[in-house]
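Pasting the structures in now, so scroll down.
What follows is a pair of complexes built around chain A, which joins chain B in one and chain C in the other.
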Partner chain A sequence: MNTAFWIISIITVLGAVLAITLRNLVHCLLSLVVCFFGIAAHYFLLRAEFLGVAQILIYIGAVAVLILFAIMLTRHVTGMEGPRELGGKWWMGASTAGIIGVLLWWCVRREVLTAMWPSSEKAQGLVAVIGKALVSEWVVPFEALAVLLTAALVGAVVIALEEVVRKR
Partner chain B sequence: MSIPLSYYLTLSAILFAVGLCGALTRKNAIIVLMAIEIMFNAAILNLIVFWHYRFGASVTPQMFAIFAIAIAAAESTVGLALVIAVYRHYRSVDVDEMRSLKG
Partner chain C sequence: METLYQLLISIKTDTPIGRWLGPVPDWWLRAVAIVVPVVLILAVFLTLFAFLTWVERKTLGRIQNRLGPNRVGPIGLFQPIADGLKILLKEDIVPRGADALCHFLAPVLFLTVPLMLFSVLPIGRGLIAVDLNIGILFVFAVGAASVLALFMGGWASRNKFSLLGAMRSMAQIVSYEVPTVLAAVVVLMAVSAAGKHGVGSLSTVSIVEAQAGGWVNVSGWFIFQPWGLVGFILFFIGTLAESARTPFDLPEAESEIVAGYHTEYSGFKFALFQMGEYLVMIAMSGFTVTMFLGGYLGPGVDLPRMGWLLSIFWFFAKLAVMIFIVILARGTWPRVRVDQLMGFAWKMLLPMALVNIVAFGLWFYLGSGPMGWAVSVALLIAAFALLTLGGTSTRLGKRTYRYSS
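Now for the complex of A and B:
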């Protein structure tokens, strides 16, 4: 179990680092997919199977394809190697991220969190339990979420079509 | 299973810092969005880790994570639509060039 944790963690962090450092946008996206797969594997390790499958379906199946469409729509040549794409004063951003990372790590090192928490044996992400909860106890937030997703879909179409509507 | 809780929290902190670094340093708006997705994933991983170690019998934390994932998906949809709208206007997705509102 420990070996699996280390292997998956290294793959996840490597995917994330490559996703923000590579120059080719499509390569960045592929590294991001590796990172998402690693996180899904972590969910399986933590026995949250439903979340793991949802992660693969939503992030890799939907969000990654969406980003790929955005890359294809905003670049003339998808395989183009762009110039160095760091923003002005990038070192300020990098040092801010470093400081916040060190702060987070400092918070994690507190005794409450480093104490040996027992792994919950009851932790079971059973799909049947989650399905029943979604349509009984959580039905109102669930429907609200459906409305939110519909609104986001319509909003995205409206925003992306704005120029075309104006030209008519 | 013998992985300490703090290992997972450290992994999550590293992912968050990497995402933040990408969001603050890159010029391409699509990469900024991808970095924000990494940060979202780090936060959701924290939720699941605490569910596993503390609230294993309850289904509520998993619900939080599911709703967070769905809202992140909605966010990325609208964000990418905005990127495409900006590209149509400026012919570029460089965040340093989007400064019409700068005083």
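Now for the complex of A and C:
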């Protein structure tokens, strides 16, 4: 358990570091995917399979692919390496990173480390537990989100349809 | 895996073989229980793949009024072996400008995807490598990750045609994933409706078991309900597109972009891509069978001893039928255009999938009697008619470029 944890952690952190240091944008993205996979592997290690699969589905299947699409629309798709220099506003990025870092550290200290986590034996039927919670305790936000996302999906299709319909 | 481990433990403790073997450590049995399913999956499905290439070439030959492969072995049966040997001996060419690491990793990653899919595919009663409680979600997650392998291959080749193929395959897989997942939602709803106290499950085994019962274990299949038939068609089209088979083989359209994302691949890496494509097709056909055609269920699977063998037979028989339909589609249909591809996914499959979910809801509350049948069939036909007659998705005509003109 501990060995697996360390191996996965090293791969995850390595992926994260490479994602911000490599110069080729597509390589950065692929390293980021390695990092996402590492996080998913951590969830699997904690027997939170649902969370792990959701991580793969959302972060790799959607977010990474979205970034890829964005890269494809730029000239970086050829794999050209961009300049590696600090822009004039580097201090803005640094201060943002600093604030987020402090906030995260504070949250972890205050909440995560002191929380009472269920043991992995109890979390066996995790999907069923999540499912039940979603349709009982959290039913209103869940349904609201579902309606919102479906509306967004249908709306996108309607926007795509629009011009053709007008022409007819 | 778990069942096999328990079986090995009981052999060790309760039988003379166990006493004869002496004190075997438990982790050793655990390792055997992991390795055996992996080896079985590799052996069964890779053999199936090799045989499938022969079947496909033979069928396509017949469709095109040829004989197909007929030189190596009786009726060309050893052709896959000859092909394999040839491709192993070929030179592995990496283009000078290629990104060597990504170029190497892409086919390997691409082949990993279907092999992971097989791990949650129940091929007989109690025959599944890992019965994950998130089975079907795992399938979609792994399938979504396959896009990246294709992109890596196409991008790392530094070839325009490869990149075009990679971009096409990404756009195609991402678009068709939405209706495919929504078509699968109906199955999960049906599983939870069939379960005790409305408790559903995402496990592939429970999806199969929810279709048990009825007339000789056949009438319970989801395909025999109105929403199941529509879901089956939607899911089947979606899997055709996701495994890039005709009529959705745009990522490797040979008349347009040479060979798409694997243009710059040769030798065994090319073979890995081909193998991956065929295995994805087998796996997705397998999941179509699992979700809509009753998986391993069929007449006689409840018999005490024969039942187990019959369940394996029924699964592979259905799988063969599904794969044959895919091959027939390749032999008889032309390729769609890119704009038709996208329009079909977003303006036809997606609305149908959403309507299908509503149809199942009505079916569930009205009961599976004549009332439920009438209402859900009427709703589905009305939606289909509206989309095809009044809509624009299937209209052929001059292609419009919205954002470039």
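As a working rule, the second predicted complex is superposed on the first by the 105 of 168 C-alpha atoms of A that agree within 3 Å, B and C clash if a C-alpha of one lies under 4 Å from a C-alpha of the other, contacts with A are read in each partner's own complex, and residues count from 1 in each chain.
Everything below uses one rule, namely that a contact is a pair of C-beta atoms (placed from the backbone, for glycine too) under 8 Å apart; a residue touches a chain by one contact, two chains touch by 3 or more.
In this text, all values refer to a predicted model and were calculated from it rather than measured experimentally.
Participant: Mind working out whether A:50 is in touch with chain B, chain C, both or neither, as first, second, both or neither?
Facilitator: It touches chain B and chain C both.
Participant: Where does A:65 make contact in the superposed view: on chain B (first), on chain C (second), on both, or on neither?
Facilitator: second
Participant: Looking at the overlay, does A:154 come into contact with chain B only (first), chain C only (second), both, or neither?
Facilitator: Once the two structures are laid over each other on A, A:154 reaches chain C alone.
Participant: Which holds for A:34: it touches chain B only (first), chain C only (second), both, or neither?
Facilitator: Neither partner.
Participant: Go through the superposed model and pick first if A:11 touches only chain B, second if only chain C, both, or neither.
Facilitator: Once the two structures are laid over each other on A, A:11 reaches no partner at all.
Participant: Who touches more of chain A, chain B or chain C?
Facilitator: Here the partner covering more residues of chain A is B.
Participant: Of the residues on chain A, which ones does chain B touch that chain C also touches?
Facilitator: Residues 50, 54, 62, 69, 125, 153, 156-157, 160, 163, which sit in both footprints.
Participant: Quick one: which bits of chain C touch chain A in the complex? Just the residue numbers, please.
Facilitator: 99, 102, 132-134, 137-138, 140-142, 144-145, 147-148, 151-152, 155, 158, 163, 167, 170, 174, 177-178, 199-202, 346-347, 350-351, 354, 391-392, 400, 402
Participant: Report the residues of chain A in contact with chain B in the complex, numbered from low to high.
Facilitator: Its residues touching chain B are 1-2, 5, 9, 12-13, 16-17, 19-21, 25, 28-29, 32, 35-36, 39, 42-43, 46-48, 50-51, 54-55, 58-59, 62-63, 66-67, 69-71, 73-74, 82, 85-88, 90, 92-94, 96-98, 100-101, 104-105, 107-109, 113-114, 116-125, 129-130, 133-134, 138, 141, 145, 148-149, 151-153, 155-157, 159-160, 162-163.
Participant: Taking the complex as given, what residues does chain A use to touch chain C?
Facilitator: 26-27, 30, 33, 49-50, 53-54, 56-57, 60-62, 64-65, 68-69, 72, 77, 79, 125-128, 131, 150, 153-154, 156-157, 160-161, 163-165, 168
Participant: Considering only the defined contacts, which chain B positions touch chain A in the complex?
Facilitator: Touching chain A: residues 1-11, 13-28, 30-31, 33-35, 37-38, 41, 45, 48-49, 51-57, 59, 62-63, 65-67, 69-78, 80-85, 87-89, 93, 95-96 of chain B.
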